[in-house]
Amino acid sequence: MTNDKPIRSNMGYSTADRVVVQGHDLVADLLGKLDLGSMAFLELTGRIPKTSEATMFNALLVTLVEHGMTPQAITSRLIYMSAPEALQAAVAAGLCGMGSMFGGGAEAAARMLQEGEQKSPANIVDEYRSAGSPVPGLGHPVHKPVDPRTVKLFELAKETGFDGKHVAKLQAISVDAMQRTDRILPINATGAIGAIMTEMGFDWRLCRAVSVIARAAGLVGHIAEELRNPIAPALWKRVDREVTQGAIDGPPDEQVLGSD
Amino acid sequence: MTNDKPIRSNMGYSTADRVVVQGHDLVADLLGKLDLGSMAFLELTGRIPKTSEATMFNALLVTLVEHGMTPQAITSRLIYMSAPEALQAAVAAGLCGMGSMFGGGAEAAARMLQEGEQKSPANIVDEYRSAGSPVPGLGHPVHKPVDPRTVKLFELAKETGFDGKHVAKLQAISVDAMQRTDRILPINATGAIGAIMTEMGFDWRLCRAVSVIARAAGLVGHIAEELRNPIAPALWKRVDREVTQGAIDGPPDEQVLGSD
Amino acid sequence: MTNDKPIRSNMGYSTADRVVVQGHDLVADLLGKLDLGSMAFLELTGRIPKTSEATMFNALLVTLVEHGMTPQAITSRLIYMSAPEALQAAVAAGLCGMGSMFGGGAEAAARMLQEGEQKSPANIVDEYRSAGSPVPGLGHPVHKPVDPRTVKLFELAKETGFDGKHVAKLQAISVDAMQRTDRILPINATGAIGAIMTEMGFDWRLCRAVSVIARAAGLVGHIAEELRNPIAPALWKRVDREVTQGAIDGPPDEQVLGSD
Amino acid sequence: MTNDKPIRSNMGYSTADRVVVQGHDLVADLLGKLDLGSMAFLELTGRIPKTSEATMFNALLVTLVEHGMTPQAITSRLIYMSAPEALQAAVAAGLCGMGSMFGGGAEAAARMLQEGEQKSPANIVDEYRSAGSPVPGLGHPVHKPVDPRTVKLFELAKETGFDGKHVAKLQAISVDAMQRTDRILPINATGAIGAIMTEMGFDWRLCRAVSVIARAAGLVGHIAEELRNPIAPALWKRVDREVTQGAIDGPPDEQVLGSD
């Protein structure tokens, strides 16, 4: 074992009279001075944010906390009902759903901007169109013709100095895509977040991370409401009753695998 | 289905031009105005915090974000190595460990204070001693003779008006326990958090929730470091090699169940 | 590091030409000879089951695989819809719900029998009644007046030689509880499983483990059906629409924490 | 709600005197007759396996149960130490790691065979080589020059009638890849599993599902050993001590994001 490369980390450690986080004394330098969003920035980047960064980063996080009764929120409520002694597992179960269909929008938009830095907006739109894929970060099923969060996030980006070339490029991509498809494809909130995180210097791999942090707060909120006003039992009973009645009335004639 | 009690929630919803969270317009009222800690307060309580509440609540959260190379952090790193396409599941896996041994301290201290509101400090200490259980929120294996985070959190509680009767009672419990056991049992950080959350009006069931929110940020931080500086592969290989060598040299003679 | 106690495990390891599991050569001794239930027995106990043990243990597992549209099944379907690239996380999310309300019945019954080995059935019933708690393993909301699974499991226990004193004691507990409460309290399936696992020599802590193994197969089954016949999208949309409509019509007047 | 398409499922339901699973009476038709592997087959496919299918499918599952001290096993042990009251969450946390790096081998091999049914072995190898990707299902870091599990699984496939064209094609792919790369690239166990599952008629999307079922049993086994012989505390302490000492000696000089 003595020849192994040592395991090193800069995240934090404790001694008898100190807790050190990212090289900072937690008690002397961080407690009472940093809000949670700024602390998350410190954890992700290794340094304390400037005021403009703290404002922008908190706004990105706040955007992602709560989206109503999502599959993730329903999940956390169902699992909390099933195992109330393990609240942490109920949040974890909901977070498992922050994948490609829900937590992946900002990631995909940031990746497009970061990996396509040398490409023109038109080239990028072409590539997605020939692959038959939607362009990340554009369009929204509910928020039409504009996503109101995008407008506000870009305003804040302007105020904090993060409305640079990547934001401009995503706007050009949106215009190009709309012209060529004749569809309404405004930049949605996750697209805006992906562009602004790119301006702030974040690797696209960390966009999903930011949505996971924010949504943890949101799912805990749903569990807190479930404590006061449970809806999981009613939801479960409805589904179970409908499925049971349907199965008794006559099960679906599904094809089964290689049945003889 | 028509006779079912309707499912209602106050968490949030979207229309074409608005996103509403807890009755507030996300864009007009929250974005750029609230930090993530204040947003978490809104999610848990249904209202926007006052300045003093925002300061205190953020400090509690910041305390809980990062504790170095905990089992939870090691877990998130190992799972991220195993399934890098599902960062959310790596955070979820780590959060599963915020249970009785790690995330339960503040919860246990707050429960003691909330359920024991009619009991004296001496009675409470007696009850734990006769049950042979440690008093929640007291003592720390590393931080001796005082936990520096407790000192700071109580200072902030004083500044924000949350140093009331529950904080005083936990201090009396600490003094009583030390006098009777002759051991050094200062209030630790999770004890302080449980007492202050009780002052702020939170149900003890939500103390673990607060640690889950904070630790989500911490675990994401570990994954971000793992991206730059991976340690999971080395850790896994060391353990695997040691176990394999030990098994080849001679497996442990364990007793097996009802073997014949 | 050199002075640390070495880390040892008997679970398994690999060399260039062998895979060893619990001291057995996987290829020569297990593949094609053991079914999955017997392999699980080997993993839990460290030895290959006798035929009677394999029959009984497989029956316990098969009982626990599928319970229809449970909260766990709904969860796995919702999370699979959200992150289809991470099927493993969808199963994990559902398993998080195998806690006190769903996976805990056999555990509680086995614990009652194992920790109360010196107590009479009447004493045990008394203790639960004075604590105001239901006796574990008795009664069922749907299966009345008898749980058909219990009848079959006890038949199999008789055939395989596992209908010993613990099964008899749980039956006496059921009779005693019915006589004193005047309610119909037959042994339910999880009670039968807890008693039979106690006969087989399993620590009560492993009863929940057995239900987790079985339910993993069940949740995977739900995901396979979801692939052919998706119901998660419809379920989510219904709930979201009902909550949104309710919130627009007028949010519930909930009391919020310390609002001013 | 009345106009919604009804939610239907064929998985199972209960009435007062019956439990129905996939159209079968659990008590009359399955308990005592099916082993867990056959029950998993029923859950995945909707029908009871023939004897040859049950033998082959159980062998595939048994192969995947236990791989020694994997990242998943370490995870389940660490999380069980952290939250022993929630064993289910410890298994769930470990399962979260059955992703592309660990649970994806059989899936990738099966997908290659199913989507490339019209392509020649040489064409398939060419495609992976020009993409600079390894061919799925070939080669193993430990098992050289042959994976002993593959030999056995193909023997069983021959006995049970599942050594058809897909198995032959994967063997041709292996030969072709070895000839052109001059490297030792035998079919590994996950490659064999992917080929045999394709012979059995399974969609490639369900290969990962099968590894999740099997590994649930394996992770529960590790938790059972952890109960008798805990290694998580020692492992955690070693890592924490090494990282703490390293950080005190001097933290790594990492580049931080846009630091000024």
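In this document, chain identifiers A, B, C and D correspond to the written order of the chains, with residue numbering beginning at 1 in each.
We take it that a residue touches a chain if its C-beta (ideal position, glycine included) is under 8 Å from a C-beta of that chain, and two chains touch if they have at least 3 such contacts.
Since the model is a prediction, treat every value here as computed from it, not as a measurement.
Peer 1: Strictly by the touch rule at the top, which chains does chain A share as contacts with chain C?
Peer 2: Both-contact set = B, D.
Peer 1: Centre-to-centre on C-alpha atoms, which chain is most distant from chain C?
Peer 2: The most remote chain is A.
Peer 1: Quick one: report the Å distance separating chain C from chain D, using the average Cα coordinate of each chain.
Peer 2: Centre separation, chain C to chain D: 22 Å.
Peer 1: Please compute the C-alpha centroid of chain A, do the same for chain D, then give the distance between them in whole Å.
Peer 2: 28
Peer 1: Between chain B and chain D, what is the gap in Å from one C-alpha centre to the other?
Peer 2: 33
Peer 1: Can you tell me which residues of chain D touch two or more of the remaining chains?
Peer 2: Residues 1, 7-10, 12-15, 44-45, 68-69, 83, 85-86, 88-89, 92-93, 96-99, 103, 229, 235, 239, 242-244, 252, 254.
Peer 1: Quick check on the complex: what are the chain C residues that touch chain B?
Peer 2: The touching residues are 6-10, 12-15, 20, 23, 44-47, 83, 85-86, 88-89, 92-93, 96, 200-202, 239, 242-244, 246-248, 251-252, 254, 256-259.
Peer 1: So in the complex, which bits of chain B are touching chain A?
Peer 2: 1, 4-5, 7-19, 21-22, 26-27, 30-32, 34-40, 42-45, 54-55, 58-59, 61-63, 65-69, 73, 86-89, 91-93, 95-99, 103, 142-144, 146, 148-149, 151-153, 155-156, 159, 203, 205-206, 208-210, 212-214, 216-218, 220-225, 227, 229, 231, 234-235, 238, 242
Peer 1: Given the complex with chain A, which residues does chain C contribute to the contact?
Peer 2: Of all residues in chain C, those touching chain A are 1-2, 68-72, 74-75, 78-79, 81-86, 89-90, 92-94, 96-103, 228-229, 232, 235-236, 239-240, 243-244, 252, 254.
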